[in-house]
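Accompanying notes for the structure given below.
Labels A, B, C and D are assigned to the chains in the order they are written; within every chain, residues are numbered from 1.
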């Protein structure tokens, strides 16, 4: 196995199965993600990548198998509890608070991890302990100038960055990115890749992405998913040359 | 880690551009409250004390509409049974005053202490009663959403309605005459103007409290739950208890409104709890404008004046009132507030 | 008037002034004019009751060519929509804005109870043309409150007496689940000596009585005594006849379950039923025949008891105001004049008890077609004469010879 | 509770259930397909009864009056749908509730304006009057038997229309996912208007059938409306089968509740049932798989 096998993985999936009627979305998937890695997951459309991410955050409950995160079994835990334990997720179809401003969106994420919210009197908009971290994160994703604009009047690229900012604002240990580059122009995509590079090491990143250049430039571990099964996990160079991957991607005829 | 992006950072002072409260809405609220405060003065000049009692009723209904806007406008919980909490608050005060009047049903033993006319005891009990009801109803209702939430709140309100209809001791469907207004030290609530200003102070206090509440961390979470409850759960909030607490707060305020209504009308009857009355509160919130707290107050003014004027115009006034409501809902995009303040919070 | 101009500088300002200005509509008031506040139900399912009361009252006024006691009279009408809070608001408006001296009309007990406290506290006279609740007849009686119609339990007590006289062994009782319904049944049980098979109360707005009729069929009582006013009565009669029970188990009811408002939409389903009443359009006394003819000429339909009560109300006020030779501002004086009640009532004999509730005769009638084919309540025999209600003893007011306050 | 009474009460329960099904079937489709809370459905019930009474007074024959009334109600519903309701489909339930409540105010008052405050007489054809001798010695009103028959015929027709025809498939698909149906190019406006008109006609039929039992009067639709909404929520929004089961369940529970329990408890019965079902399964008994909230 790879060099740092000895360190216990941050995330350990074993025998994960999820069936939607006849469709086997996750087929006995076993996978582990090391602390500090950028672990990319690639695979053709319908390979079950998003279903996997949804199960990781707890919105979907797997039929069988277990998810061990940071040493404890979170398979049965609901989404809010997992989030408080340090898992955060960005969404392929951005999920924001449309009429609230960008700042307020991120402040909610910060608020979620600052104890309970049964505070009825102090206005949140003047609460330094919320505003400061939120502003800092918005500046890091390049939305410093759009803090007081309602989320639904931001451009698509800006909304995606706000989506990721909200995920980061929960100061997670594991960050699940669901196709962050989807629908982005070349310039914006480059900015996003640079941004992910900038947060390498701060969080363990579980990256689902189609853009091969971004994947191979960012990831230091790649898993290939097809029909819900994990074909292979390994370093980017091994994956490039792996016959199974080529067949899954390029179809049978190209395997030499 | 300096920001990699070199976006021009427009520095804007935080305080002046806070998303919270738009000035024009603040000015509307101030005008409305000043207008209310002057009503007894106008009434005295004109020698028409009737307007004082009518305005007291408007302010009480405004308090109930305000509490409905808290869950309906801000929390996105479309409740069709809000009048049940108002009715429950009214009955709590009515029942206590019934037993306080002694007669042949004095409360014996430790319950005796509750048989009182004093507002300091009766009104908190009214608030407590409707809060408990809101808690129990919320526990079941908040597990559903959309049409089912609408229907289940309607169902619980109908249950409370039939419950009070079936108690003959308190007058059943005919309702119950109050034996006298609640008593406060130094203040004679029987006097029209005194009671007017007591209700006025309560309405202003409730408005300021809900204004702070909506802008607080709790309020931001409730508004977030309306916009995208799924995302809230993904960033770590267990939204159910917070929405339940919001539902209970709205129930408590409605219970207080009920206690005031009982004192204003000196009469309590199940007619205050019908689904028609719940519809009236929803109409007030819509006419005034949701998500603005001052909107429902103006909505209450519009609704009562419309009902009073059209009522005098023709016996077929509902043929005018129905279409007026439809037009207000269809074309006024956010009711009165949307009309004149041209921005939303 | 306030002299401050309504400035339109900034639109939001007019929101508040809109609220205040909207209320400043002063009413012009002429002294010594008789002003009657007529509050009744003109919309909703029971709208016809309001119409009957107003028609009867206006006919009574027309008899003294639109004047009461020779004084010009104006009627301020208000629609209480059968809601206590609306009724109360109208009463307060009429007292303080329209300066009425007398408030009358009112169909429903809960609306009457809702407004009685503010009206009586303000010293205005309250003359009920229809509900006669026990609470205002007993301890709660008031010198300024008069019930021209009846005390709720009266007709039921008369029916109880009639059942004893006819020796009807057992009866099935049926009424809506609201205080007037319960009052009536207690009134019936106060006089009736026989056995009560079952006493059933149905939900107030309920219109389908199939379940109740089926259990009547199973119980096989000798008679059914039921109380369903207005449209409730129409439905019950129709369903009871359809179930084929009318021939087996005769129907008995108070006048409110079997009167003209019911006959109009019931065809021949009420025929053969018995009703106790204090008034029927077939009563043979001159003023009644004159009233029935005038009503039919004016409105093209036979009057119901509601119209007769309203007509009596108007004639009573006319006689009382004549007694105080036109003065209406002193409420106590006017109240005493009303209590004398020396007017020709369409019921024949009419006196006020010490609690200002009527003392009059009760008859048993059968619903039949009259010579002209109209459904009427044909009086058979007098059951109770000069009957006073059971609550008068609890009222502390003296009888007729009350010392002037 | 001897055997005869049991049979008679069960028949009464079915009769109420069938009448509620006529009301609920149309409304549950409108709710399921268009996610539109149409409280004016009670007014179509009222118009059905009033149009029949008015047409009968005009033509003197029920054979003309009943079809005429049904067409009248369907046309009225299509008109409301095309002008007012179509704009409301995208709005949230609050606006829909208030608009339709406003329409209820208007319709009730219009009927009182046009036909006067007192109730009308609903004519019953001769062969339906009185009661008929069933097995043993149970006599049961013929009219109510006829209502049960008509209800079952309509239920069969609806089952055939919904389950067996192409249009029915479109309706079921609309109930499951209206966006997808529109995406597949179905003429959605026709479908909406058609479902609306059918729903209103069924409500009108319920009004016609219950006119003779209940008085034909302004506002008669309002408390039936509440019962209908309870039936729909119990059965599951959008499911006609749910509406049928829900209607019969509510009909029987209401009838036996009134016969056995004291009135104060029987009133609560239906609402306790609904709250119980929703507490266990927040989307009703037969929720449409994947239907939008």
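A few points about this structure:
The rule is short, and it goes like this: contacts are C-beta pairs under 8 Å (C-beta built on N, C-alpha and C of every residue); 3 or more make two chains touch, one makes a residue touch a chain.
Keep in mind that this is a model prediction, so the values were computed, not measured.
Annotation: A-B is the more contact-rich of the chain pairs C-D and A-B, by number of C-beta pairs in contact.
Centroid analysis (C-alpha atoms only) places A farthest from chain C. Note: centroid distance chain A to chain C, computed from Cα atoms, is 75 Å.
With each centre defined as the average position of its C-alpha atoms, the distance from chain C to chain D rounds to 36 Å.
The distance from the centre of chain A to the centre of chain B, each centre being the mean of the chain's C-alpha atoms, comes to 43 Å. Averaged C-alpha coordinates put the centre of chain A at 50 Å from the centre of chain D.
Counting partners per residue, chain A has no residue that reaches two or more other chains.
Each of the following residues of chain D touches two or more other chains: 109, 112, 263-264, 267.
Touching two or more other chains at once are residues 42-43, 177, 203 of chain C. Under the contact rule stated at the top, the pairs of chains that touch are A-B, B-C, B-D, C-D.
Here chain B touches chain D in the complex through residues 72, 78, 80, 140, 143-148, 150-152, 154-156, 158-159, 162-163, 165-166, 275, 279, 282-283, 286, 290, 316-319, 321-326, 329-330, going by the rule given at the top. Only residues 2, 10-13, 15-17, 19-20, 22-24, 26, 42-43, 78-79, 83-86, 88-89, 92-93, 95-97, 109-110, 113-114, 116-118, 133, 135, 177-180, 182, 203-204 of chain C touch chain B when the two sit together in their complex.
For chain B in complex with chain C, the residues that touch the partner chain are 24, 27-28, 31-36, 38-39, 42-43, 45-46, 48-51, 53-55, 57, 162, 165-166, 168, 171-175, 177-178, 265-267, 269, 271-272, 298, 301, 305, 308, 311, 315-318, 336, 340-341. Taken in their complex, chain B has these residues touching chain A: 1, 3-5, 7-10, 12, 14-15, 17-20, 212-213, 215-221, 223-224, 227-228, 230-239, 242, 245, 344.
Interface residues of chain D facing chain B in the complex, by the touch rule stated above, are 31, 35, 37, 84, 87-88, 92-95, 97-99, 101-110, 112-113, 226, 229-230, 233, 237, 263-265, 267-268, 271-272, 274-275, 278-279, 282-284, 293.
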